[in-house]
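Next, two complexes with chain A in common: one pairs it with chain B, the other with chain C.
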Partner chain A sequence: MGTLIKKDLSSPTRPKITKQFFYRKVIPVLFVLPILLIHMTVVLGPSISSIYFSLTEWNGIGPAKFIGLANFQKITTDRQYIHAFQNNLIWLLFFLTIPIAMALIAASLIAPLKKGGLFFRAILFIPYILPSVITASIWKDLLHIDIGLGGVAARLGMPFLNIAYFGRTDTALLAAAFVDNWHWWGFLMVLFLTAMQSVPQELYDAAKIDGANRWNEFIHVTLPGIRPTLVFMLLMTGIWSFLAFDYVWITTQGGPAGASELLSILVFKNAFQRFNAGYAAAIGLTMSFFAGIIIGIFQILRKRGWEI
Partner chain B sequence: MMRFLFPRRTSSLVPNYIIVLLLVIFAIGPLVILVFNSLKTPADAGRNLIGFPREIILSNYPRAWVVGQFGKTLPNTLILVAGTVVATLILSGMAAYSIAKLNLPGSGILTMYMLISSSLPIQLFLVPLFFLWRKLGLVNNLLGLIIIYVATNAPFSIFLLRSYMIQIPSDFEDAARVDGAGEWDVFQRVVVPLAWPAFLTVGLVVGLSVWNEYLLATVFLTKQELFTVVTSYYNFSTAYGGRDWGLTSAGAVMMIFPLVVLFLLMQRRFIEGLTQGGLKG
Partner chain C sequence: MNLMRRFVIVLVVATLLLASCAPSSTQAPASQQTGGTTESGQTSEKKPTITLWLDSGGDATQLQCMIDNIVGNFNKKGNSFTVEAQPLANSWDATRTAITGGGGPDIVITPGPSFAYEMAKAGQLLALDQYAQEFGWDKQFLPWALSLGKVDGKLYSIPHEIETLVLYYNKTVFEQHGWKPPKTIDEYLKLVEDIKAAGLIPNAAGNSDWKPADEHYWSIFVNHMAGPQKVYDALTGKIPWTDPDFEKAIDTMNQLFMNGDFMGSLDRYYTTKSTEFLTALGDGKAAMAPSGTWWMGTIGNYFGEKANNSNDWDWVPFPTTDGSPLFTLGIGSTYSINAATKYPKESAQFLTYYFSPEAQSISITQCGIAPAPINLTTQQLKGIDPRRARLIEELSKAAANGQYGYTTWTFWPPKSDVYIYDEIEKVWAKQVTVQDYLKGLNDLFQEELKAGNIPPIPERK
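Moving on to the complex of A and B:
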């Protein structure tokens, strides 16, 4: 519609084809150009050049020396890298299960509420809007040994819970994941809740007539009803799990003794503390590769006839 | 347990309320405790970080303002937020207008480019970007960081603005064009006023993300006088955390209080914008 009117307007007053070309093609491009140039300078250019830098030995300051695939060979034998990759897998497993389960349970409990639904939605969303440094510092206090929640547990007769969660090699990673999840699950819950509220009520009524209890309703009506959102968030969780950085860096910096190191932490340390910018670029590239694999798996499942 | 969670044939929602209230305590209990701790004396906090303050003191707040250097860092954060929001609304707004209303040639390719690039990890382009920015003199430069924020927020902003603008009927624009208005005037005088709710949503979401941003700010602003509220709080809390809990808690309350108030006032818009942003990656 818009184009037809524009054509009628411009043809009598501006008969020249060049002018028409200017109004139809050049002006729209001029509107997009500034943001596109900025985006290509910040994101596209450096992303592509990191492929080159991953093939070099480079301290980030002097000239980069081409060394072929040596960085990637180093990755295959780098204990730190392998350990960080395993931690990313643990992170993935954690975020594919715990936040998803919490968000599904909360959303399905809130969806039928006639009173307070909006209130709960807003309150449970609050942790998501907080800066990561604050969230981390709050939980460092709460999980403090003796004077934090551990101390409370000890007084209630559970002294085994009174430990320095961020300072032990066996709990540091999970403690960071727990903090990240505290801020994350409410966001997921709101997404699920929105999806659940668009499931037609008739389906629930029909299920009730068939004698379904709430568990049956959840399995046979709610879950299929929110499937696109659920699957999409599983996909995004998969991608983000290989990119996670903030919470681990802020709570433990990958410690103690590398116990909570993730791939992103290795990139950061190599690039900005150890001056191995070439190696950092190579690690960054593998992170994108793993995220790409997750997308690939979903594409294959979709082609196999999964409704995603 | 199953019968308690999913009782057969009763419409009682009491169990729902009980479980949801427990989750509410989980979500905001830590914030309540944070406020308690910000009112404690160091000795009181050092004994117990969970309960009520034995004696309420307010002096942690002015102390945190000074020690945490909020007077210096708040202007930096506000410049970053304002600069990024204004530039994003203008530049992403223009792009969204072009895609939604001007039959931009190749808009399909542009949309694909934005979709793919918005799922690229920061770590992929962080390292070369940092060294490029240093060459250009844009490290330790608020404008340099604003440019980066404008770029990283562009895909989300363009998608959200475009999807709103598409729904605006073209009649108003066409009337303006008949009156001889150029495309810039149409954008500025017709489309922006009509699409303001979307601009507001984008402004809130982008402003929040800049206010909270940590990784880029800590990499690109390394001079103390350029620290943002967030990066400076991180250093402050590592320096004082674990010994002066009242102080760090008061600093944290000052940082999140405006956020929480703004969120509660405009929660529908925030939630809408953030969930759409999340879905677009």
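Moving on to the complex of A and C:
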């Protein structure tokens, strides 16, 4: 039996809602509340439900049957999953190197420009704001055999370039990555350019006095100066690489023969074509897990004193 | 006091914000009560509205024609309710999601019997038997057609857009070279070599804009080479998919694909859109195109004056081993009634009109949409291209005589269906042998058979 303590609500010791408390605590919560509720409805709710559905056999229509970890067991022996995961690693490697290198080179070339910098920045940024369906459809035609750029190259005496880039198992994934990169690297370039412009000029002047050339300046002044932006974009690229879907779906739909199949494509096919929504949820969770690993690595490095 | 007033204002603003985020209607399904206002300003009696969601991803002209001339005509007939047809992008995904959430349209359209089958098993569709009897649907449809919509002996869906696979050919090119449309598989294979020798592409084809197009060719070769009886036996679990006749059929198809007899080469096949292969057929760069009858309404655009060439086209049934005509049947979509509808009878009344010869005649003659499997008279087909009229006539006759096969997208369960067109490309890429491919199909199919996921299969005659 517990002791019933009767509080005197009219007691003068009762905490009073002060004006300051109201403004500092209540008002911000009220303003955040609508978006919090929306977020809980459209993000948190489905996220939690997808954890549940990953433990079920569900066709996406009727009732779900609880099967424990069977979907995750299946993943470990699913050849399609392993192949798609390997493709995701290739995709990750591609986007951690090619666009980052392109963006760094372009930004470091544009940064010193006194005139015309804005023009180049705008031109290279435009692909990023084009809808993926338009970009991918245009490149599908541009990389078409005979009638695309390959056909032009063939007429100029380079027939070896006239191939069906999206139709060959050895080129389809890289062709889709190329198209995705075409829209992506301009965005990276603008971010790096902005970061480079905030590096103090004095550092470059000091480097010049020390006899540094352009390359030395880039390695010893520019890169350390933009490190927070660079590392953040490496982190985001790592996470986004596991979510890549639209460019591959529009250009190849994961084909031919699964050559460009990514985990996201596998999720779509299982959920909407094979009536395997439970398994699709399990694959989706593993994608979140891989993204979580990347974030975890960065957190560990940060705790160990890395300035990132 | 001032503080309280501000608190109330903030609360009201927050409430309004939340209210604006809420759905406009919580009524499920999407049936509405529409009322009008009379001239005197009094509200008239509310008239129910039943809804159907149509996919806006196809031919926009055909869709608008259907809304104006079929749904519109129905609404003009002075019924006690109105029908609202709403075009939606990816309407099937929207329908499936809404119905799982307890809402959705009153009339449910699915992409085929296997999808309707899954929904019926989940209790999301209304059994239609009483309406079929009351409105005489069983007399209106071709005998095999309604059986496709049955689950555990009850009718849940009505087939629409009857499809089959035929061999289109460039009639002018054939005449110039003295070729005759093939009747047997041997004649077809010989013709493929002759066409190649003449420097043309034997078969115009491509799956760039529709990856599942692979299954069109799979359906053709398996049915037309192994025969529909064998396919029926496998679909009903009497024989496995590893049967040597299926292996032979897949082998023949593989050889043709790997030899470049479809669009010149495999990589070209993978990157050719449907408009491109039809153009190749129309221009005479390709001589034949084994494909679906869904092109019947538009293939004429690739021939003659419209396409700046002087060519003409025609079709024949795709050849069979023994030369007898065979039509591999498919259903493009199905219509059902949402189990949660408030207006089941009204929905059934609309379906009765929609599948009537009057509406289906408008559908095919004015909108160019493939008709439902119902009996249509020659008069009701007046005005359509004679080649298309011939197809409808021959198809009805063949179906009545049991000369029909089974398309994968209509009669295979979903996982096996996706396996068929996803994995066949791995055989073409020489990553998997034909034997392993068929074994994988058989394993998956037996699982789905055991789980009771096979759609109803029309029996052989």
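Simple rule for what comes next: the second predicted complex is superposed on the first by the 278 of 308 C-alpha atoms of A that agree within 3 Å, B and C clash if a C-alpha of one lies under 4 Å from a C-alpha of the other, contacts with A are read in each partner's own complex, and residues count from 1 in each chain.
In the analysis below, a residue touches a chain if its C-beta (ideal position, glycine included) is under 8 Å from a C-beta of that chain, and two chains touch if they have at least 3 such contacts.
Predicted, not measured: the structure shown is a model, and the values here were computed from it.
**Student:** If chain A is used to align the two complexes, do chain B and chain C fit next to each other or clash?
**Tutor:** These partners clash in the superposed model.
**Student:** Check whether chain B or chain C contacts more residues of chain A in the superposed model.
**Tutor:** Per-residue touch count on chain A favours B.
**Student:** Name the contact category of A:Ala257: first (chain B only), second (chain C only), both, or neither.
**Tutor:** second
**Student:** Counting only touches as set out at the top, which of chain B and chain C does A:Trp182 meet: first, second, both, neither?
**Tutor:** first
**Student:** Regarding the shared-chain residue A:Phe22, is it in contact with chain B (first), chain C (second), both, or neither?
**Tutor:** In the superposition, A:Phe22 contacts chain C only.
**Student:** For A:Ile138, is the partner it touches chain B (first), chain C (second), both, or none of the two (neither)?
**Tutor:** In the superposed model, A:Ile138 contacts chain B only, not chain C.
**Student:** After the superposition on A, what does A:Ala164 contact: first (chain B), second (chain C), both or neither?
**Tutor:** Second partner only.
**Student:** Applying the touch criterion given at the start, work out whether A:Gly60 contacts chain B, chain C, both or neither, answering first, second, both or neither.
**Tutor:** both
**Student:** First (chain B), second (chain C), both or neither: which does A:Leu44 touch?
**Tutor:** first
**Student:** After superposition on the shared chain, which partner residues are touched by A:Phe120: those of chain B (first), chain C (second), both, or neither?
**Tutor:** first
**Student:** Looking at A:Ile209, would you say it contacts chain B, chain C, both, or neither? Reply first, second, both or neither.
**Tutor:** Neither partner.
**Student:** With chain A superposed, which of the segments 164-172, 218-226 or 254-262 in chain B collides sterically with chain C?
**Tutor:** Only one listed stretch clashes with chain C, namely 218-226.
**Student:** Do any residues of chain A touch both chain B and chain C, and if so, which are they?
**Tutor:** Correct list for chain A: 27, 31, 34, 38, 60, 140, 144, 272.
**Student:** What residues of chain C sit close enough to touch chain A in their complex?
**Tutor:** The contact residues of chain C facing chain A are 3, 7, 10-11, 14, 17-18, 21, 93, 96, 99-100, 118-119, 121-124, 208, 211, 265-271, 414-415, 418, 422, 425-426, 428-429, 431.
**Student:** What does chain A use to touch chain B in their complex?
**Tutor:** Result: residues 1-3, 5-6, 9, 23-25, 27-29, 31-32, 34-36, 38-39, 41-47, 49-50, 53, 60, 102, 105-106, 109-110, 112-113, 116, 120-134, 137-142, 144, 147-149, 151-152, 182, 186-187, 190-191, 194, 213-215, 218, 232, 236, 239, 242-243, 245-246, 249-250, 263-264, 267-268, 271-272, 277, 280-281, 283-285, 287-288, 291, 295 of chain A touch chain B.
**Student:** For chain B, which residues count as touching chain A in their complex?
**Tutor:** Residue positions touching the partner: 2, 5-9, 13, 15-17, 19-20, 23-24, 26-28, 30-31, 33-34, 37, 45-50, 91-92, 94-95, 97-99, 101-105, 110, 113-114, 117, 119-132, 147-148, 150-152, 154-155, 158, 170, 173-174, 177-178, 183, 187, 208, 211-212, 214-215, 219, 230-231, 233-234, 237, 241-242, 245, 248-249, 252, 255-256, 259-260, 263-264, 267, 270-271, 274-275, 278-279, 281.
**Student:** Once bound in the complex, which stretches of chain A touch chain C?
**Tutor:** 19, 22, 26-27, 30-31, 33-34, 37-38, 59-63, 140, 144-145, 163-164, 166-169, 253, 255-259, 269, 272-276
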